[in-house]
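Right, one structure below, let's go through it.
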Amino acid sequence: MGLTVGVDVGGTKIASGVVDQTGAVLAREEVPTPDPVGDDADEIAGAIAGLIRAHCAEHEVEAVGIGAAGFVDKERAVVIFAPNIDWRDEPLRDRVKAGIDVPVVVENDANAAAWAEFQFGAGKDVNDLALLTVGTGIGGGIVLDGELYRGAFGVAAEVGHMRVVPQGVLCGCGSRGCWEQYASGRALVRDAREMVQSRTKGSGALADACGGEAERLDGKMVTRLAREGDDAAVALVAEVGRWLGEGLASLTAVLDPAVTVVGGGVSAAGDLLLDPMRAAFEAELTAGAYRPILQIRLAEMGNDAGIVGAADLARRRPRTA
Amino acid sequence: MGLTVGVDVGGTKIASGVVDQTGAVLAREEVPTPDPVGDDADEIAGAIAGLIRAHCAEHEVEAVGIGAAGFVDKERAVVIFAPNIDWRDEPLRDRVKAGIDVPVVVENDANAAAWAEFQFGAGKDVNDLALLTVGTGIGGGIVLDGELYRGAFGVAAEVGHMRVVPQGVLCGCGSRGCWEQYASGRALVRDAREMVQSRTKGSGALADACGGEAERLDGKMVTRLAREGDDAAVALVAEVGRWLGEGLASLTAVLDPAVTVVGGGVSAAGDLLLDPMRAAFEAELTAGAYRPILQIRLAEMGNDAGIVGAADLARRRPRTA
Amino acid sequence: MGLTVGVDVGGTKIASGVVDQTGAVLAREEVPTPDPVGDDADEIAGAIAGLIRAHCAEHEVEAVGIGAAGFVDKERAVVIFAPNIDWRDEPLRDRVKAGIDVPVVVENDANAAAWAEFQFGAGKDVNDLALLTVGTGIGGGIVLDGELYRGAFGVAAEVGHMRVVPQGVLCGCGSRGCWEQYASGRALVRDAREMVQSRTKGSGALADACGGEAERLDGKMVTRLAREGDDAAVALVAEVGRWLGEGLASLTAVLDPAVTVVGGGVSAAGDLLLDPMRAAFEAELTAGAYRPILQIRLAEMGNDAGIVGAADLARRRPRTA
Amino acid sequence: MGLTVGVDVGGTKIASGVVDQTGAVLAREEVPTPDPVGDDADEIAGAIAGLIRAHCAEHEVEAVGIGAAGFVDKERAVVIFAPNIDWRDEPLRDRVKAGIDVPVVVENDANAAAWAEFQFGAGKDVNDLALLTVGTGIGGGIVLDGELYRGAFGVAAEVGHMRVVPQGVLCGCGSRGCWEQYASGRALVRDAREMVQSRTKGSGALADACGGEAERLDGKMVTRLAREGDDAAVALVAEVGRWLGEGLASLTAVLDPAVTVVGGGVSAAGDLLLDPMRAAFEAELTAGAYRPILQIRLAEMGNDAGIVGAADLARRRPRTA
């Protein structure tokens, strides 16, 4: 009993898997994401539906969960707004569901990942958890008292858009000073490029890594150099870690979670990221001397987090049903 | 069936009342708060116990809830840390309980007030609510999916200590840039005093209100002048409102509540505070064009919020019991 | 040849002296400052004139310089705006001059002090100097290429009003985030009071110094405790030093002076202030690795700086005459 | 009598001209800048010398001024540090001077431009002027009391590196929060690219301008769209203007100039830039109600500013000679 399908809709590929109730992935399928420019909602939905049908042909599937970046409504049916795909009030569930017999739910991808870590990964021993997926931006997911917290309108845990600097850097969301402009791969790359372009002291290895063309620098190059011990790269990663820790102190003042799990591409830097994060967190946490301190842990579910989380959330009856 | 006692431990007085299940206060008693300097925990506990015994002698009381400023542990028994009374790991429940037959729980005072607004006041029509008590500082209480949210360690909703300005104003908690240093009566008074001391243009009415002695200015004077239309006072209140709205946008990115209730002394300024708060909130809310907007409402429970909320929370079986 | 009189108009007293061309003060007189509330310009001018006449009766005086807080016009005649005395377009020179035979000029008090340090004190070996008088606020004076720099309209060197924090602390000037709200005695006292009021960890000695009444704390208490080694007071002084150094890095990007002289009441903290100031300055100075670094020195002229500087500037022919 | 040569060393070309004492350019020559990577100082110096010799062959030249980006020492001989060319303590004057009979001086390029505006352009009616060259970064030049101000070590007027945001955006100089990270073409492009990448509401025209490839956006595209009335581009230019005005308020607190001249590529936006700049300046200027307000003017010398300024400064005897 109890196989469900999880789908993880990313910018370059759509990954999917059949997942059992222990979180094990029994089978996988993936396709490239159709070009997200233009009125292509049907095409993406079609690709998702194709993956689902393939799994259903091979396994007895009870339900399907689709994880996608963006704001998902409380009914887990409509993508209200997706930053990278041109989705506005996109009825993704209904588009995909046509011709599929089992229940389908849509989840925010970071919520799905948070749930996977909570059920099967780095947070399986606690009741309250915050996930930070530190990639280009910051994705967030919150589990409170053992339940995924979605908010009154379905769009809770958009933690990357807490404002950390008044009149700060412009964010793609249209506001300024959002946390994800300071504590993400985007910040890492922006700063590294500035150093290379300006030939800042110590930026030699960064310049070499991109052949002197700053625009070619990406986050992986910086974290790789950091792991190799390049001082400038180490400092850049530490700066991201510091901002992560400082923002987490604010988040903790609100949520008081037991554990924060850090995933995403930048977390590949490991303790080079987490040590400065922990130090900044403890320095900034209000009244830190008088309270239990949460644990900051690396994510454990890797690239499967989205698939496993979406699949497992599909297994649970929707509150709104 | 179902009378409980609520106690609200304030800096100057300890108020208490017998509360029924509709939130009505049937009887009241209060005493001055014993001087909070020194090793006086027993004395305050004794005063609280006296009030409780008086109520129990007159009514059939099922349980008692005590609301106090400070961090309360998850067991609702110990005040881990109270900023204004010298309590560190103070076992308040056990001290008070001696000689009292009914269950006693301790709650953070803003949590109690949030619960009162949720059950009987400005939020009784919704499932997710954030309360902001804007007095000298900012107290916070969060109700999620119909439950008071206490956090993993009991100290959630300390929203006044979200950092809103890096390297900002020193807060009594030891950190810098906390929200309550910008969006509170403290900020209102600090700014008004600076204007009077420096004879800033337009500060004449403020100076008159305190007889030219800036140190005598208090929040009530400023809000009164604002209601009377003094431009400088109106601007000062609006500035606090702006910071409230900007911080609420961050809080909403995390929590996505349906309603935010604003109470506390500064809320007496009414729309002079709430209009700029709403404008700033909508301007700063991430992707505000694509999501439902929460409602910002004035609190309705007035000074009874602490008593009623603590009493009603005592009626509910503690999760940890 | 060459005696002049310098007058230093302060908030509590008006000090004056006869000064020779070596900067030596040959005779002194002082009177309390008439209460600066109300339309008392005549009274203060009268007190100043009285002091001048007394000196002229005893010495052969060539000219008089009056140093006053506030904006002084380019003609060195009119106080355009004084923050603490109710002067707006006050023709101070002409009021004082009635009945006095020698030339009289009015100077900004910090400009006068800067000139004294440049001619006779800590900057007598250089051509370019910035003075920071760190008291309740920050007064500034600038000497460039051997000349006092007054600006196009006479109000240059109001360095305390550089903005260092967007949307920062309200300043008496009406703006927000001015340097003097962060790097002055005012900041020191504001932070110390917050600590005492909130019983912040480590604030015991500060509380003892003011008998637990935060409003009684002043800057001298904090610097005294810092010199005695109290950790909290040392940290508060260091924080002011850090802001001084960071702001000085900005000032240096503009002015590139050879020496910065630090005077004023807070400078009594000595290296407890200057060491963190120097560290922050060097950390923040743009391209600091590639340029000569200015020296940060303590002022040497003490309380005489205003008298001596005003007197010496009076000796020099006004450019506008 | 009195022809001098001015050279303007830019990133892509080296422009030069013969200039008379009225600021007229009588003849021009230019060559591409040799690739600035590697140990190419000799090559650039050679190219400069070639241009000079060509002019000297045709005209009777009295002196030569070379304007270059970077820190120039007080002797006007050595480029201490150039951000874009790999110059560290580069003895440019001596390298160029070999084989040239007339005096040669090196000037910071923005200083040269400021001098040109002061002598012949937008500031020829005043004695105190600040120039802001708003291109990729912010270049600055300061004229005080009719003299170009170079600072104690030759590196004054690096105004783009005033810090305007604590913990702000990383600058190529190695510091964070420098003015030029907020009030320049770099900021304009950074924000525009973020909008296109994130498909921010209203960014359609910006996306069209670069064919959807954010990395291809440049400052000219944004200012052109702004002039054509695109709301998003107008807002981006206005944001740069606001930061310019706010930073200028700080600069004015220090320098109190009579006129600020705004040049550089971004100034092509005209009043779309200057109107918000003026509004922000007046809102932020300390005690603005009590002082004369400086005028903000567009530069008049165009691309010739560097040549003409360097040539005219060469005509004046160096103070250090």
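In order of appearance the chains are A, B, C and D, and numbering begins at 1 in each one.
Here, contacts are C-beta pairs under 8 Å (C-beta built on N, C-alpha and C of every residue); 3 or more make two chains touch, one makes a residue touch a chain.
Bear in mind the structure is a predicted one, so any value in this text is a computation, not a measurement.
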Mind listing the chains that sit against chain A and also against chain B? C, D
Superposing the C-alpha atoms of chain B on chain D takes a rotation of how many degrees, nearest 5? 180
Note: of the two pairs C-D and B-C, more contacts are counted for C-D
Same or different for chain A and chain D, where same means more than half of the interface numbers show up on both copies? same
In terms of CA centroid distance, which chain is the most far removed from chain A? C
Computed distance of Cα centres, chain D from chain B, in Å: 53
Can you give the whole-Å distance between the Cα centres of chain B and chain C? 43
Taking the mean of the CA coordinates per chain, how far is chain C from chain D in Å? 34
Contacts with two or more other chains occur in chain A at residues 165-167, 171, 173-174, 201, 289
Based on the touch definition given at the start, go ahead and assign the chain network to line, ring, star, complete or other. complete
Listed in rising order, chain B residues that touch chain C in their complex are 37, 83-84, 86, 165, 167-174, 190-191, 194-195, 197-201, 212, 215, 239
Which part of chain A faces chain C closely enough to touch in the complex? 166-167, 201, 289
So, in the complex, the side of chain C touching chain D is made of residues 71, 80-81, 88, 126-128, 140, 142, 144-145, 147, 149-166, 171, 173-175, 178, 246, 249-251, 253-259, 284-292, 294
